[in-house]
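Each of the next two complexes has subunit A plus one more chain, namely subunit B in the first and subunit C in the second.
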Partner chain A sequence: MANTATPQPAPRLIDPDAVVAHVEKARRQSKAATVILTAIAGAICVLLAAILVYIISAGASKAFDPAFLTSPPQQFKEGGGIGPELFNSFYLLVLTLVISIPLSLGAAIFLVEYAPDNWVTRAVKTAIEVLSSLPSIVVGLFGFLLFVLQMSWGFSIISGALALTMFNIPILLRVIQQALEAVPTDQRDAGLALGMTRWETTVHILLPCAMPAIITGVILSAGRVFGEAAALIYTAGQSAPALDFTSFDLTNPACPWNIWRPAETLAVHIWKINSEGVVPDLTAVSDGTAAVLVICILAFNLIARFAGRRLSKKLTAE
Partner chain B sequence: MAEAVQPAAPAPQPAPQAPQAARARAKRMMPKKRVELLGGGISGACAGLATLLVVTLIFMVAQHGLATFTTDGISLASFFGGTTWNPHSTDDAGAPLVGALPMIIGSFGVTIMSTLFVFPFAIGAAIFVVEIQPTFGRKVLQPVIELLVGIPSVVFGLLGLSIIVPFIRGIAGGTGYGLLAGSIVLAVMVLPTVTSLSIDAIAAVPKSYREGSLGLGCSRWQTIWKVVLRSALPGIMTALILGMTRAFGEALAVQMVIGNAAVIPTSLVTPAATLTSVLTMGMGNEAMGTMYNDVLWSLALVLLAMSLAFILIVHLIGRKGAKING
Partner chain C sequence: MQQQSTEANKPTTAPGAAATPAATRPNDVSLIDRASVLEEADAISHYAAPVPSNAPAKMRTRNVNLYYGEFHALKHVNLNIPEHEVTALIGPSGCGKSTFLRCLNRMNDLIEGCRVEGEVTLDGIDVYRDLDPALLRCRVGMVFQHPNPFPMSVYDNVAYGPRAHGITKRADLDDIVEQSLRDAAVWDELKDRLDANGLGLSGGQAQRLCIARALAIAPDVLLMDEATSALDPISTNKVEELVGALKDRYTIVLVTHNMLQATRVAQKTAFFLMGEMVEAGPTMQIFEDPQDTRTKDYVSGRFG
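Moving on, here comes the complex of A and B:
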């Protein structure tokens, strides 16, 4: 009691009040930062939800209308549909996956299992990195140059599928590479110790192990391919000839399976009608098409998650 | 048939030494070894094909892009320094008006502005996911952000056209098209890319750093600001550069909202153009081999060179980051 009354003669190095103030300040700062960061995260959630709700609600009346989904587009009249575009999108997607899955699978196996550590491997890795960062319009223009003009395949499904393959290879390659690298080394050693070759080990042990991750990655990449437009406007073209589903003559431009016909996809359709601006019900058609596109991509995402989980349960018997 | 085969059959006697020896060697080899060679060969061929495609791409784009300067005799200065883009007409001296400066400024403008917009949101969300609410972040926010990666760029362009452009028109007047609309659309587009990569960068900071800092009595924010972010800086920079790469190369979404007027932008809300928008609009209209077409390929070459430069920067940052973090 007496001590508090008489001032301390010894000089204090640390003022306890200042320490308390400092700690209080740090605590306030930390709380403020938490609030701000939470607000940012919340804002992003709201933004994303708003985007999805807006796209789907704006196009819902068209997107769930069977007539819109099956009828051909109109140039100068109202009431055009997206039937051929919807088919073209899926057909191009399937063709692209058929070409790009084996290619990326092979390249990924080479890079993970075989590649010696030398300049050739480094060159391959650099090339793939370059491909992954190339703007898709540049890939599209290269496809225009090589497939459309040089090979004189014209604006065709095959040109589009090959351009999309170039767009898809780096995405798929990375997914498969990561999936293979995630398989424990023990599995590899066990296979080799049993006298299997590296190839047999890869095919019989590593690939089944990596399969759930690969399937998930393939479906997610399918979503990217499905919505890609810049790589397609100068390769698969911007026109969708009317399709005749009774025709199986592969040289007939109306035959849906003919890979030499031009094929506008959903994403290209949105871009084209907006940049031309001659369709009278432009907003309704492009909103409807966007909703169909986004619903398909949401479905891909859900399927990817579901399939990956299901498959990994089946394979690991958990 | 037999006569046709006859002359061919004796011929292989002197020469075929090599293939026969190879066949004999293949027979002596264990079948396993052949499987192995085949596997290595097939997978190597796939990797080789992918590499070949990239090399061909760079070569072909460069060949057409450089034709402007070699065949058409346009000087580098008038291409990179010229402020008027109208390749169909010529100036008083008779030189074609192929100044790419408006588009180069436009491309860099939207890229830098969108990065400034996206930076606080992406980093904030990444810190939130890793440091503040890991369960909510990993279960809800991260999947939602990854979902956004999948939304096609034309859909973002369409949203820009139907929401952002009218909004800017209402506030600033004019048409609403321009650099500002382009950068906002791009910011929303690259947000998921930058956020996911920043999450990876922040999550890669060793746990012991945080424990050390908290053990010394630092608050959570002090730990984040002074320890975690410092250590994750190279990774965050990489995330931003990769976001910029995507913004710089995006074509259709930007083309839909930028207004497509190839002039030096005087304000953020007047129509402008980017390298990609001019390429998208022009390439279909001009015949191959004409001067106009060659100049368009030069724009594509600039785009290609910039994406190579961005990769180089990422590598340099990676090397420096490895040095900083030991």
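Moving on, here comes the complex of A and C:
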């Protein structure tokens, strides 16, 4: 097999000059793409920052005024506040999360860990995706028909919380589902190989691993629920009875914890005073409410990032 | 038909005829006529040769067939796993050796569309019919290809299994953690870092932590699925030494791509090819005097 012939120089298939030219062209394209993409990202950031600065600066005088944050709204005079609306927003949010987190957690665990991979499961997953993009006004009107009229619960916190739950569950479910699916299979295998049952593995290994993503998802969805208006207009109602925080009589409409009373939230308040408000300082109240709403949602987002990062740092030791 | 094939296969104890019985066998072996399947398996199990040393078989598989949906991944595998020995499973990628390993502790159960036929026994107990999978995995532990410590402290990683199985006393757990880490030859390196997160360890330490975690629930059998393939040579060497030391107390089955590793640590070697267990026997015999030409081609590096 020894080759005694002098080795022929291999024919040149690639022209080195063409390679250089190509590399230079590619470098120019890469530079242009970087500039264009940076410009687009910058424009978006500027736009967002402008909106935020505008909303907050327009409402700053009201939003940082303790009297505005605590006093009840006025029907005809100026100087009304958003005390009940602020409380209602948080109360509705908490109730919604209390109902929707366990449901979506259970459903997500079932879908990821237990459901067989067949057409029913796939149909359910598709249905959830469709539901998560359902317009909230549709959810609101459905809640109006079902909870307000059919169940005759009237415009009430419970009707609103259930409508928000319907609105929130698909989003939360998807977030938790993705968080669980993102846990590496070898963690699951490791648990099972230690003689754990599937349930033990889920509770002790998968959920802790997925927890940072789940917490982030829950807080982000909380931001969406907090700012939701359309789903609440026809369910939790557009009136905010004055609240008496000394009352613990759950049948009293002034009792803040009464779930059968109507409860206007911040977002609904903005919508209402702009569409049918007659107070003279309408613009100021509206701007102030918007600023409070935006600041709250911003806070949710920051907390979500902080909590998620903190938790995952603790879990991964990095 | 079955009668006929049994008849036809009986004299084929010569390894050269290995391919034919599998090809002529009916494919739709169901679990129902188990007795006849096992009888047949014995008839064609020309490789289930007596274990060379006098070690009794800790685990035994008879006529194991495994399907992923339509794909026939394991074909009529008969293998005895001798107690207190290291058995190596070798073969090219995709030959079914890892699949076979995962049959032994039923880790394939979770794979959608996976179906196992035949019999796998542990101390004579049929693990697919008479043993709960969680109980089986308590007795047959597993170490994976990539170190996969839990995202918790070194201590908790090892204590995790015992805790889940009901040991809660701190002193008992301390003993188990120390003993397991010592057995896994990683105690000296980690004894001052028991609170460190398991994910922060180096690959070799993490893998030995995973071995300690598996040992902590005191299994009889330890399965290692290419447990050194993601490790550097020094860590690999440590794990190999460990395997040699552990075999006196455990029965070890390991899958390896590294044929030299098989010769270094295993007393028995089984060669898999395309879902078939081609040949099994004492490691030296497999590497120096293989009976089957396919084994000879593989161990001499002609393919794979």
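Points worth noting:
As a convention for this text, the second predicted complex is superposed on the first by the 277 of 318 C-alpha atoms of A that agree within 3 Å, B and C clash if a C-alpha of one lies under 4 Å from a C-alpha of the other, contacts with A are read in each partner's own complex, and residues count from 1 in each chain.
Everything below uses one rule, namely that contacts are C-beta pairs under 8 Å (C-beta built on N, C-alpha and C of every residue); 3 or more make two chains touch, one makes a residue touch a chain.
Because the structure is a prediction, the values reported are computed rather than measured.
In the three-chain model built by superposing on subunit A, subunit B and subunit C fit together without any clash.
Look at A:306: by the touch rule set out above, it reaches neither subunit B nor subunit C.
In the superposition on chain A, A:64 contacts neither subunit B nor subunit C.
Applying the stated contact rule after C-alpha superposition, one finds that A:173 touches subunit B and leaves subunit C untouched.
Of the two partner chains placed around the shared chain by superposition, subunit B and subunit C are both touched by A:197.
Using the contact criterion defined above for the overlaid structures, shared-chain residue A:209 touches subunit C, although it does not reach subunit B.
Once the two complexes are laid over each other on the shared chain, residue contacts for A:36 go to subunit B alone; subunit C is not touched.
In the overlay built on the shared chain, the residue A:186 is in contact with subunit C alone; subunit B does not reach it. When the two complexes are overlaid on their common chain A, residue A:245 makes contact with neither subunit B nor subunit C.
In the superposition on chain A, contact of A:146 is made with subunit B only, not with subunit C.
Taking every C-alpha of subunit B against every C-alpha of subunit C after the fit on chain A, the minimum distance is 8 Å. The interface of subunit A with subunit B overlaps its interface with subunit C at residues 197, 200. Listed in rising order, the residues of subunit A touching subunit C in the complex are 116-117, 184, 186-187, 189-197, 200, 204-205, 208-209, 315-318. Partner subunit A is touched in their complex by these residues of subunit B: 32-33, 35-36, 38-40, 42-51, 53-58, 60-61, 64, 120-121, 124-125, 127-129, 132-133, 137, 140-141, 144-155, 157-159, 161-163, 188, 191, 195, 218-222, 224-225, 242, 245, 248-252, 255-256, 276, 279-281, 283-284, 288, 297, 300, 303-304, 307-308, 310-311. Interface of subunit A with subunit B (complex): residues 26-27, 29-30, 32-34, 36-38, 40-41, 43-45, 47-49, 51, 54-55, 58, 102-107, 109-111, 113-115, 123-124, 127-131, 133-139, 141-142, 144-146, 149, 166, 169, 173, 197-200, 202-203, 220, 223-224, 226-230, 233-234, 267-268, 270-271, 274-275, 283, 286-287, 290, 293-294, 297-298, 300-301.
The touching residues of subunit C, counted against subunit A in their complex, run 105, 107, 110, 112, 134-138, 141-142, 144, 146, 148-152, 160-161, 164-165, 196-200, 210, 213-214, 217.
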